[in-house]
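The two complexes that follow have chain A in common; it is paired with chain B in the first and with chain C in the second.
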Partner chain A sequence: MEALNTIRPELLTFSREQIVAISPYIWLFGGSVLAIVAAALRVISPKWPVFLITLATLIAGTISSFLLMSNEPMVLFSGKMVADVYANFFNLIFMISAIVTAMASLRYLDDGKIQHPEYYLLLLFSVMGMMLMASSLDLVVLFIALELMSLSVYVLVGFRRTDRRSNEAAMKYFILGGAASAILLYGAALLYGATGSTGIRDMLAFIQKSPEGVSPLFVLGSWLVVIGFLFKVASVPFHMWMPDVYEGAPAPITGFMTTGLKAAAFAAFMRVFVSAGYGAGLAESLRTHLHDILWISAVLTMVVGNVIALTQTNLKRMLAYSSISHTGYLLVGMIAGPLSEQGYAPVALYLVSYAAMNLGAFVILTILAAKDDSGLNLHDMSGLSRRHPWIAFSMAVFMLSMAGIPPTAGFAAKYYLFYSAIQAREVPLVVISVLCSAISVYYYLRVLVYMYMRDPVESPSGQRVSIWAALAVAAMVALTLQIGVLPERMVTAARKAVISL
Partner chain B sequence: MEINPAFFYIFAGLAIAFSLLVVIKKSAIASAFNLVCVFFSFAGIYAMMDAHLIAAIQIIVYAGAVMVLFLFVIMLLNADNAAFDMHPIGRGKRLVSASFVVVMAGMFIWVFKNTTYLGPISNFSNANVEAAGGNTQVLSELMFSEYILPFELTSVLLLAAIIGTIAIAKRKKPAALLNGGSAAKGGNAQ
Partner chain C sequence: MNYVQPWVILAFSAIIFFIGFAGILVRRNILVVLMCIELMLNAANLTFVTFSKQLHHMGGQMSVFFIITVAAAESAIGLGLVVAMFRTLRSVDTDDIQLLRE
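And now, the complex of A and B:
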């Protein structure tokens, strides 16, 4: 056993390449600090400086992440995080969903009289947490990043402080999220006990070197970590918190949670998962364990999510349950990942497509929401095509895309996902998923029926649409159609990202 | 150093007993004081494992600072008198949760019994730590070199927590005016 060498000043210096590699994070952190100062000074107006700094920060981060996509992977901070294509791919999802959320929120917060600068700060912090989750290589960093993300989102969920449902949602999410974090942390501790390292790659190396390292302790640890992640992505049976939280949270935040938070949890999940031996050709028993857990969870998630979504009349709640069912499809991709030649690329593609269509739908809900997020029932959509033809058209695109009808992103993503599951010889699973997705067509198309075939009702939300929100919706429509018509580019990007894992 | 198992069982038993009391007691103050006892039992276990720094921090931060905050909050909100109107839990639910606890406990016992201890896998053995200058020194050196990223991220996390607290706790009108006033003053001073 070699002696300890703890004084290593070389760890504290940065080369130019390393600074370039973490530039998205630097942008984001610098921007947050700047925004805090602007918020505290309250120059000009409380909202514009913070909003513009947030937007500029996120755009700068997006551009630098995009430029870094072609760089070689670089391990940083003595193996605590890595800046590779995978991380940057997910960074793009997180930052773009944050941009869309910020743009949608501007008018919404004014209307609700909750225009506080803290909103944008917390948004930035949660994006930072998500980005670090996707790029962490160490369970310690992963946990802190998860907490950074969750803590900010807990507060954002309860941001409408005068609304009881918002408070209830925040409290519920906070307590259950805390419990899930504790489970994940305990699992991480057991993994450390079993392998002697918190580094994800070190763990993999350890079990590859000594197969007896896959002890019951290791299995229990990975189970607990998996359960923690399944909670965060709200798969059945860990979904109880989700509909209430999604309904109670402010509409733009709900959109942000369904896309950013879910993508972040899946990004970290895949990173840990790939290295926990799943598909690495080792530890057969462990692989079947995880396979079985995920299989049951995926089937339950798809069935429960879709069936309950059928009966919902509130759009926000309906989209919450549909978000559960989409988690189920993503889990199908996770199961198929190691067994098909596409690997985890379908999951990444599905996350992008889902982010585009779901964010768009939630921006529309944000536009249409009356006071305290009321007025989002199905019959409030009646005749929307005559009141706001363009919004109705965009909503139709998003609904068709979620139902998986060509030529939209949802179709391309589902096709690619189910194709890889067929390749993995998971035929029963694919049959169940396709049936579930057929059920979902009913409740998605019902929105279209109300929008286009019912007479308009007098709705209080007849106001002008904010230019920022309109811009966000237009961008998401474009992205949805672009992925649907020409999925090639996105597929290539997703594949490159997953290979770098 | 070898741990005397008797001490471990004493401290662990105390920790479990007091944790149960935290949950069972109806009065918030009583729960808080039981929580202090839990923290002290943990500190005892840490100390036995030669993690003296962690034990000291556990007592200073948790049993000291965190608990004082807890008690302040309970007293300020007068939460001790606020009856927790707990709905009586149905027999079926009780049975389910009890059997779940038993299954979980059984599973954990089975797992720990069936895992062969591979010895300290990393090179943080007691002798090595001692040779490198002792627990505290090794810990702080690691924290500022190898674990600098999680360390710094923790401060970002705290910053986010502070901002979140402000967002939740800020009073609607008066505090907003107050903040505006002090900010204007700060602006003038510059």
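And now, the complex of A and C:
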């Protein structure tokens, strides 16, 4: 009977403020239910009702997240979840990348004869999982959100059912992703045993109460959780799955994975990291321990990602390796975070800029892809500037941005990131990252050379450009240039988000 | 009344976890690999329950329900992917997954 007394009625009712604070999640949930019904009906046409509901839901969610950016942090569901600026900042990244992905996929799915309404549903579910990941304060809730996101994405990766590559990629991703989730969960179980709670903030309180040293159980548990996260963000030595999965997945989904999934994994990683007191409160020995793990992983990730990307001729695979190298830069920001005065703001800014430029690049690949995602080799890009001048121009902007050349988002983000690393006195790390970034210029500019300086080839790729995809590309070009020319506003937003942690 | 000591169960679940992990690395049949993933998740479940009993804290036992549900969803999707792969590949052997390695 004791347990019954602990149910407090105030936990079972919602106040008005709480409902407002979770309104983005309510929008998404309501929209998914509506979309399921619309998908089951299939009366008018298989694509339009679900597509429009998905788009409307995501736009409503984006607007409410944007309006909530200035609200005070609010802890919900008895400390399992928090709605703060940080969560809303990342919600915006997830929902905008889903909008762009949905818009780019419309024509692509028609061309591949795989226009099933479930595609948009799965997209909505995975966005829901990402949003919960960025706002969860409990390792078990985090695990459930992670699985909600991953399970939807496993299916999306294998969405081209008749294509062997897609199936193999989905299977590979499923096995390795499932193993990583299980490792993370086992780590959470050990942390629960060591601290007596699965809540991240309770863990921090427990560590601060016993400063004389942490138990080996705690160290092992946090190791396993860190390994799980490093796998999800695909840093070396846990990167082996990534190029294969990115190559096999449908092109718009690859874009979604490089931006949404990566941002979600980093959002949760940072929250666990900061809340578990990486910056303050942890024992000194444990802190240097974690610092060393991340340092080695960051250097390996940057070097391996960039060097292997040099030799790739398939654009999807090249962007997969470049995605690995960008993970390395982000890890540099994670290391510098607690030691510099910017905190983790550079990481948040980098994730936004990376999302803008990478999504744009993948929408272009989606437009150019022929059936079964062939025709994405470098020589297929030859003379693109004559066939599709605007697409070639946009691709050039994204490539320059990824290489980090000034008037683009990539430069602003990299500058801010390396500046904070210098403040944290990580000079060797900055030197390595700048050298790696110099290597990367070669393979990004090679795409430009092919597009502008080679004669056109007969390419099987799509001749007409869908208006939705063109809109998405234009929006991403605008965002990339906007962050590059006037980074001020985005920097302020990122800083506010990180302070609210 | 003889109770089993908590550390025995913890050691047992750690062993199960590593059997599962080794199985993923070593076994070649995808269905067995799926079972190994389940094994790892169940090892985590056992650990949660043991710690919950040891700490007199209900949170751990509650988590197990959620984890079981997630594991069920995961195996449903895993089997679906295996079926889809079998249709194009005519095999459930991980050695045959090599198209992307070229």
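Simple rule for what comes next: the second predicted complex is superposed on the first by the 491 of 501 C-alpha atoms of A that agree within 3 Å, B and C clash if a C-alpha of one lies under 4 Å from a C-alpha of the other, contacts with A are read in each partner's own complex, and residues count from 1 in each chain.
We take it that contacts are C-beta pairs under 8 Å (C-beta built on N, C-alpha and C of every residue); 3 or more make two chains touch, one makes a residue touch a chain.
These figures come from a predicted structure and were not determined experimentally.
J.: For the three-chain arrangement built by superposition, which of chain B and chain C touches the greater number of chain A residues?
T.: B
J.: One more residue to check, A:A40. First (chain B), second (chain C), both or neither?
T.: first
J.: Taking the superposition on A as described, I'd like to know which of chain B and chain C A:S197 touches: first, second, both or neither.
T.: A:S197 contacts both chain B and chain C.
J.: Looking at the overlay, does A:R161 come into contact with chain B only (first), chain C only (second), both, or neither?
T.: Both chain B and chain C are touched by A:R161.
J.: In the superposed arrangement, does A:D244 touch chain B (first), chain C (second), both or neither?
T.: second
J.: Which partner chains sit in contact with A:K80 here, chain B, chain C, both or neither? Use first/second/both/neither.
T.: Only chain B is touched by A:K80; chain C is not.
J.: For A:L151, decide between first (touching chain B), second (touching chain C), both and neither.
T.: both
J.: Once the complexes are superposed, what residues of chain A are shared between the chain B interface and the chain C interface?
T.: On chain A, the residues that contact chain B in one structure and chain C in the other are 3, 140, 144, 147, 151, 154-155, 158, 161, 196-197.
J.: Applying the document's contact rule, which stretches of chain A touch chain B when the two form their complex?
T.: 1-9, 11-12, 29, 36, 40-43, 76-78, 80-81, 116, 118-119, 121-122, 125-126, 128-129, 132, 138, 140-141, 144-145, 147-148, 151-152, 154-155, 158-159, 161, 194-197, 206, 212-213, 215-217, 219-220
J.: Which of the residues in chain B come into contact with chain A in the complex?
T.: 107-108, 110-112, 114-116, 118, 120-125, 128-129, 131-132, 137-138, 141-142, 144-150, 153-154, 156-157, 159-161, 163-164, 166-168, 170, 179-180, 183-184, 186-187
J.: Which part of chain C faces chain A closely enough to touch in the complex?
T.: Its residues touching chain A are 10, 17, 20-21, 24, 30, 33-34, 37, 40-41, 43-44, 47-48, 50-51, 54-55, 57-60, 63, 66-67, 70, 73-74, 77-78, 80-82, 84-85, 87-89, 94, 97, 99-101.
J.: Which of the residues in chain A end up touching chain C in this complex?
T.: Touching chain C: residues 3, 140, 143-144, 147, 151, 154-155, 158, 161-165, 167-172, 174-175, 178-179, 181-183, 185-186, 188-190, 192-193, 196-198, 244, 247-248 of chain A.
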